[in-house]
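Notes follow the structure.
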Amino acid sequence: MSHHIVEFKNVSFCYPDGTKALRDISFRITHGESVGIIGANGAGKSTLLMHMNGYLMPTSGTVNIGDIYLTRQTRQEIRRKVGIVFQNPDDQLFMPTVYEDVAFGPLNLGMDENAVRERVEYALNLVSGLELQNKPPHHLSSGQKSAVAIAAVIAVEPDILAMDEPAANLDPKSRRLLINLLKTFEHSKIIASHDLDLIMDVCHRCIVIKEGAVVADGPVSEILTDKKLLEENNLELPLSLQRN
Amino acid sequence: MIFKHLSKRMLPDEIMTFDEKYYNIGFIDQLSYKDTFVHRLDPRAKLIATLLFLFTVISFSKYELTALLPFFLYPALLMTIGEIPFMFIFKKIVLVSPFAVFIGIFNPFLDSGQVSIFQGLTISAGWLSFFSIMIKFTLTVSTALLLIATTSFPNVCHSLRQWGLPSLFVSQLSFLYRYIFVLMEEAMRIIRARNMRSYGKRGKGIRIFVRIVGILFVRTVERAERIYFAMLSRGFQGDMPSLKRFHIKTGDVIFVVSVAVFLYVFRFYPATQILGRYVQGVFS
Amino acid sequence: MHMADALLSPVVGATMWTGSVAAIGYSSKKLKENIDNKTIPLMGVMGAFVFAAQMINFTIPGTGSSGHIGGGMILAVILGPYAAFLAMASILTVQALFFADGGLLALGCNIWNLGIYPCFLLYPLVYKPIAGEGKDARRIAVAAIISVVIALQLGAFSVVLETLLSGKSELPFGTFVMLMQPIHLAIGLVEGIITAGIINYVRNTRPEILKANSISRPLDTSISIKNVLVAFLILAVITGGALSWFASTHPDGLEWSIEKVTGKGELAEATQGVAPALKELQGKTAFLPDYGFKSSAGVDSQENEVAVWPGIEAGTSVAGIVGGIIVLMFTLFIGLGIRLFKKQ
């Protein structure tokens, strides 16, 4: 099932002001993998995610999503394949009610209203948020907002789910619920986060980024136990490992 | 002193702090998501009824008093059936009244033609027109507030879209509604930081205000970018899609028709006078 | 400064509504022709920004009282006239609904007074020429202050006109103008200084915001001075036409308004049947200002010595008061009744 792959080949990116945000990044993520992307603040995690659906275009190198190379022409197609959940759900939930927000993606795909309704109900059900559908986002708790934001992305039925700090604003219980939810997804998952415990729970593979370049790529069990590597990257051992 | 109260746009600030305004708008927003008979009516039906009501009320002559009174029935019914707290609406009316009072209060002094109410009691016609303005003001403001207290704003937007207002304008309204609450919270955080460090004095001058608003502005532009990114990643290509068409139910039609009949009757037949004469007849 | 429903006559309210809705339609159309998709969320969030900023108060120097910004000019500078106007219209709509600022019928007036002037008149005609490319902080400041002051003066003057044309207020034109204009001059100066401050703050901290927006906004240039002037000319003709049409349907407007005060109206005719009722409605909704005739009416009523309630004799007015009280009691009774019933 090659259509679920994400492949970066020698990708570099330079912001217009000259800042080099990505340097020669290469990796390949195959179908069903769940991968954590970790690194210090400003290491380039968010910039990397923005390349996955063509919001930013690489200055050099290629991005291949499900056998489609990212170009200005293929951007729309690629956006269907990769669903991105952002750090701040308030920026993600931009429609006045939950239902309309989750329906935004499917409607943009040109689906008819009944099909849209089915999709919305399916997606909201998956995050146990069906009863929230008529509420405006500002009446939701942070945990509910995150759940709805995920539902809004799932409603487009992407092949690959990419998330930026999904648990940043959550209380411990909501965070636990989110982790359980993520574990049930069969999508390829790419999670950029400082929350190494979450990555340990959800991901199998981990990519460490420093100053825009990949410095390590390997199984979670190896990377997240490598104290020296983590500390070099302004990170520290996951709390659950610190106790031992 | 009068200058301090002259302009309405200055006044609410002195009465309400930012926090109060924030909770105030939040409260009316919460009310609009209740589930009562009034809330369930089609938003278009409520909008039509409200507009008819407003036009009828302001169509009365400037000296009219008693014929306006039956119209209180409409807001009273909406308020009770819609379970909207009376004091909340009342306070809001008082809060926005200064401009109307300011303009109207000159009438009694400028329009000095004498009017006799009964034999022996004459007042200046200006008082009539002043009280007429105040009654109209109370009626129009309470009805408008009750409209939004019983109709959620997204539903108002849907009606406007269905009526063919430009979709750019309607999506603009939806965005505004969505982000008012987010930005008010953001502004509140900045203001609290200001207040914490200004110890009750200073901190409200123009220079600091500009800084606060400037920070808020930059953050807002950055937020707009993130929102745009989120929209793109869900297939946005320039059109805001919409759903949820309302279907007019019999109840809605009955509602609008009865409001229209009510307005018509009390607009064109001096019902209060007929009633008053009848009662006088009974007692004499 | 927000116009209020209670001060409006239906004709003035409807006219201003028509004007504002037409402007909304036109702006949407123009914007749609040439929109950068990025502008759609930016407009919405900028509207929310102005809304939130209006809620923050500041002390007006030397007076001790506080004020807040209007925001029309900031929006125009950031978004360009069409998008700024739509944002301003939606801000005023939300305020009319949630804060009861103004009112729904007066919304047309308020959109006109606070939206049209800064976005379509002063931004292209005053701000742009003075501020130029936006490279010089002092020029930006001068441009902002002048354009905000003039916009607010026009807005305040429109409130005066709208109120007087509605004929609900007795304020003589001159007095009203003298009440409104100076105070809005003060407010305008402060708001202008603040607007300049914010634009310059943004220019210093994040210059690319202003730059990016002026690049993605080829619309600015397409608003030509000619178009604006033509639009206002057309508007003036329409208003004038409407005025004279109403004047011609009420050739006796002058006598009519004097009659109202001196009590020579014919109530008997007016209260029977639909047709006279409609005629009465037409009469009552006439917007011809009668403030000008007050003095002559005053002389008149002195001659008559005891003038009565316009068109109604004393006996009727007592009946009106009795009936009114009964209706109010009834309303209260119904309200309390439903509340009790619901609690059970």
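As written, the chains take the letters A, B and C, and residue 1 is the first residue of each chain.
The rule we apply is simple: a contact is a pair of C-beta atoms (placed from the backbone, for glycine too) under 8 Å apart; a residue touches a chain by one contact, two chains touch by 3 or more.
Keep in mind it's a predicted model, so treat the numbers as computed, not measured.
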Most remote chain relative to chain B, going by C-alpha centroids? A
Central chain (by mean CA position): B
Calculate how many whole Å lie between the centre of chain A and the centre of chain C, each centre taken as the average of the chain's C-alpha atoms. 48
Rounded to the nearest Å, the gap between Cα centres of chain A and chain B is 43
Note: chain C sits from chain B at a C-alpha centroid distance in Å of 15
Which residue numbers or ranges of chain B touch two or more of the other chains? 29, 153, 174-175, 177-179, 182, 223, 227, 231, 236-237
In chain C, which residues are in touch with two or more of the other chains? 41
Residues in chain A with touches to at least two other chains are numbered 94
Chain A residues touching chain B in their complex are 50, 53, 55, 76, 79-80, 82-84, 86, 88, 90-97, 99-100, 103-105, 107-109, 113, 116, 134-139, 152-153, 156
Which bits of chain C are touching chain B when the two form their complex? 1-2, 4-10, 13, 21, 24-25, 27-29, 31-32, 35, 37-38, 40-49, 51-53, 55-61, 63-70, 86-87, 89-91, 93-94, 96-101, 103-105, 163, 167-172, 175, 179, 183-184, 187, 190, 193-194, 197-198, 201-202, 205-206, 209, 260-262, 271, 274, 277, 280-281, 284-285, 291, 294, 297-298, 301, 306-310, 314, 316-324, 326-328, 330-332, 334-336, 338-339, 342
Chain A-touching residues of chain B, taken from the complex the two chains share: 29-30, 33, 152-154, 157, 174-175, 177-179, 181-182, 223, 226-227, 229-237, 241-244
